[in-house]
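Labels run A, B, C and D following the written order; every chain starts at residue 1.
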Amino acid sequence: MTTQAENTVGFIGLGQMGLGMATRLLESGQSLVVYNRTQDKARPLADAGARIANHPADTATKGGIVISMLADDAAVEGLFDDQLLARLGPGGLHLSMSTLGPATATRLAERHKAHGVDYVACPVFGRPDAARAGKLWLCLSGPASARTRLETLLAAMGQGVYEFGDDPAAANVTKLAGNFLIASAIEAMSEAYSLAEKHGVDADAVHQLLTQTLFACPIYQNYGKAIVEQRFTPPGFTLRLGAKDMRLVQDAARAAEMPMPLASLLGDRFLRMLAGGQGDIDWTGIAADQRQAAGLISQ
Amino acid sequence: MTTQAENTVGFIGLGQMGLGMATRLLESGQSLVVYNRTQDKARPLADAGARIANHPADTATKGGIVISMLADDAAVEGLFDDQLLARLGPGGLHLSMSTLGPATATRLAERHKAHGVDYVACPVFGRPDAARAGKLWLCLSGPASARTRLETLLAAMGQGVYEFGDDPAAANVTKLAGNFLIASAIEAMSEAYSLAEKHGVDADAVHQLLTQTLFACPIYQNYGKAIVEQRFTPPGFTLRLGAKDMRLVQDAARAAEMPMPLASLLGDRFLRMLAGGQGDIDWTGIAADQRQAAGLISQ
Amino acid sequence: MTTQAENTVGFIGLGQMGLGMATRLLESGQSLVVYNRTQDKARPLADAGARIANHPADTATKGGIVISMLADDAAVEGLFDDQLLARLGPGGLHLSMSTLGPATATRLAERHKAHGVDYVACPVFGRPDAARAGKLWLCLSGPASARTRLETLLAAMGQGVYEFGDDPAAANVTKLAGNFLIASAIEAMSEAYSLAEKHGVDADAVHQLLTQTLFACPIYQNYGKAIVEQRFTPPGFTLRLGAKDMRLVQDAARAAEMPMPLASLLGDRFLRMLAGGQGDIDWTGIAADQRQAAGLISQ
Amino acid sequence: MTTQAENTVGFIGLGQMGLGMATRLLESGQSLVVYNRTQDKARPLADAGARIANHPADTATKGGIVISMLADDAAVEGLFDDQLLARLGPGGLHLSMSTLGPATATRLAERHKAHGVDYVACPVFGRPDAARAGKLWLCLSGPASARTRLETLLAAMGQGVYEFGDDPAAANVTKLAGNFLIASAIEAMSEAYSLAEKHGVDADAVHQLLTQTLFACPIYQNYGKAIVEQRFTPPGFTLRLGAKDMRLVQDAARAAEMPMPLASLLGDRFLRMLAGGQGDIDWTGIAADQRQAAGLISQ
């Protein structure tokens, strides 16, 4: 049916996050045509009713919507090329949900505009289980009319939408600010708990006190627990991705010509972990480097 | 009445915090004899029924309890001299509620022991209004029997007590860990919000998103709001005291022979503020240095 | 004469450095065809016998040599486009003397190779007066046969050539390492001399001692003197260029997946200066930020 | 003979440095009475004509001179107690050649003054071989008349004397500034050479270039060579002593209420080495931590 085809939305990128989000959309009644570089990952979605595209551009229909959830800036810039954008064409909309640098968002928005396509940024907060449950927090920015058009889709994926105006870069700056705050909290707990440990104080007791009182919020409670228990696998969010985001934060600071000393410290901490071959553990794993620095783990 | 005198507790140090705590104790029915270097500050307590001591040692009775809430390690070490400790004597107890370094606590505990006096550390989390309302969070460590003896007093001052065993240094390490986490959060928000501002993104909107979701806890909500509004006076906790605590954290790290790079970064940030004559504003004021660094305030 | 034309070398980029180098080449008997974006700067060279090109590609002759001395990576990548490289063609040689990132050098070498052109990196150490006097220190890397071909030209420009093998990226890594060492020395002296000053010790006397003994070398002697005298204009090398080089160092560290904490510290120091509108003073001017941080200059 | 006794100078502290300095003084014809906590170390000096004291105070004669070269502030403050100072008495002079904090120097000067003893600070630059050869560089400050009295002794020990006025703290600030500059150079080379190595560039070739040109001075040449060759034992100056000096630098910055971010970075680097049990290797050994951070040594 034409109507069916018109309503079908494209979805590109079926990693841990994308798979959860696409599944959730299907459950909400949304018809999808999905693409992933390694097609295996798309199979569970086919079983759930999605159509599989053999090529990224095949997810696009004239004037339709394509959602992307990809690993990094290069992947998005590579896939959303002139061919795909020409297929979307005037009236088309790209809902870009990856964590990207603001400069990339600006570049992409311009390229989309040349094809008459709206570029809307909507990076998300939440881990894969939240994606699967439709409980993500969504940071939205882009042309106002395009944002309105997305209401139903966003409602299926998130438990709340925060809007940051017309500039697609804005939502990405916000997302990076958030990830920077999380990494900072991990660093701070890593240092504080290793201090306690070295002074013979029970780090878990310190953690209990702080996260039942001043820091009674999910980031400190969940990440802090992983740090206390030294449980860095399986990763919820890998150190390699964390390193990539710190790089994006540092690049955003450079572009704005301003220092961010804590971001620099985190950047170096992550680079030391990557150099040591630890890119695949969870990003709370920077606590292991701090414990080694403190002499709590032998070198 | 002898009983009355025996039950009277000494209280030394009537700054913003001490005054609130002593007032709260009086309200709970506890009789107090109070001392402050500048006697003016004791007057409101006299009106509320406290006896004023002219000398610190006059707050002590044989085998009694003295509570202290003083500005720094030197003040506690200076006031709790042999004269005062001899007056307290065997069976006496010093409830030391200031934020001190663990090495100071260990030194004090030894000096007290020589006089048969129990030294109990109980630094607190909370601002002056929480002290006045008996809603502090208390970190307790010291000899077990002494801790038991303090239950009623602590219940009057705090909304919760977290215990850290027999070593008085332990509660101080915990308190320093907590203050370090707070300062780290202030630094992280200072950098993140200035990044948003430089990219033309509304820092308050970023703050709303983050503190309604991942960071929905008092430290981020309250301190973050002060940062967004650039409201650093009147101080709830001065930059000078914050600098002192960062120094204690750095000293504790040195004593344990371990690096704490974020503590070092914070130590330098606070020193820059002190050098610039900003010691008397609130410690969230490090955000002003970050805004200046970012070129958002002219030098 | 054909011979004349064949021997003529192209020279692109007549900033402070390039102008001195080109003048020196003319003095040595080398015929030149020069290009600069703003032609005014080329006039003194015309008077000295150089031919002025109206377009960058006009500096190239089939199988000839073009030297470039430009402000940054983007300028070199922009000017050495397919048009210019096609003009140089097989047997041509580009002697690239700007300070570039190693990744840029690798990219440029590949692009040149596609046109049969040799790409030789030869960044230099020395200020404009050394360039004018032919007293630069030269870091050379690139194809061995191409290096041999350059001996006469290099001898005219430098007082010494250090060779780093066939990989054009190598000379650039070396140059960045050197600039990083210089910036580190500036930072160290800035901190040390402000410490002396704050303790009431004559910073110039400290400088004399150190640079007549342990640090009796040009960098400490000359830059240290500028720091002591707080003389940051006119710039020998601007803060903006220093910031660019720190960025290249940090990017090289990232690319190699390794931390460089001192480079990060310097990067932030330079960014603070740029944010404060100080990009056009000499890069020793980071000492002014340190003096302000120490409260020696009012904010 | 009385004259002999009057001319005899006390010397306390016979570590690697002190032993060389005392030997040199004996060679110059100076009679000495020496003390070291472990008497074994004094034996070679006895063979060379020195008298051995069984107690520190026995090195002092009324109105005489005692030289000290000890490990740290606590050692000097512990040995120069009221007993020793009373023995020296009015007209006595203490030539204090250890690297101490300026606050310690000020405290010591006051204590000496109460006994009528002049306190002169004269920390030194140079390794044990320079001490043995009388080729140290000397930083001198203290009362002018006392400095004059020391000319012959200083000429025997040093190849040059730099004077910093009447305040004994001044020479110590200068010495700390110098050690901070050395540690900064070690850090900078550690990072730069590991960057070269990771990019496949010969670090020794980079070292040759830089130390034959811009950095042609002993610190870069000698320490850089040790870094390139990864030769950190036997130590010329241990990491533990380097860590102590960085602590003194940081304390001096704190006392002056000013940030020194590079000193903080170095402090943390040294602490990581101490935590890893590396306190006894040479302080150039921080290069090993940087190589590990870069993934050039397996963790």
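Keep in mind that, in the parts below, a contact is a pair of C-beta atoms (placed from the backbone, for glycine too) under 8 Å apart; a residue touches a chain by one contact, two chains touch by 3 or more.
All of these numbers come straight from a predicted model, not from anything done at the bench.
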Determine the set of chains touching chain B that also touch chain C. A, D
If you take the mean of the Cα atoms for each chain, which one ends up farthest from chain C? B
Pair of chains joined by more contacts [C-beta pairs], C-D or B-D: C-D
The distance between the C-alpha centres of chain A and chain D, rounded to whole Å, is 53
Report the inter-chain centroid distance for chain C and chain D in whole angstrom, where each centroid is the mean of the CA atoms. 39
In chain D, what residues contact two or more other chains? 253, 257-261, 265, 269, 272, 274-275, 293-295
As the complex stands, chain C meets chain D at residues 102, 125, 137, 139, 160, 162, 164-165, 167, 169-170, 173-174, 176-178, 180-182, 184-185, 187-189, 191-196, 198-202, 205-206, 208-210, 212-220, 249, 252-253, 256-263, 265, 269, 293-295
Within their complex, state which residues of chain B touch chain C. 272, 274-277, 292-295, 299
Under the touch definition given earlier, write down the residues of chain A that touch chain C in their complex. 247, 253-254, 257-261, 264-265, 267-269, 271-272, 274-275
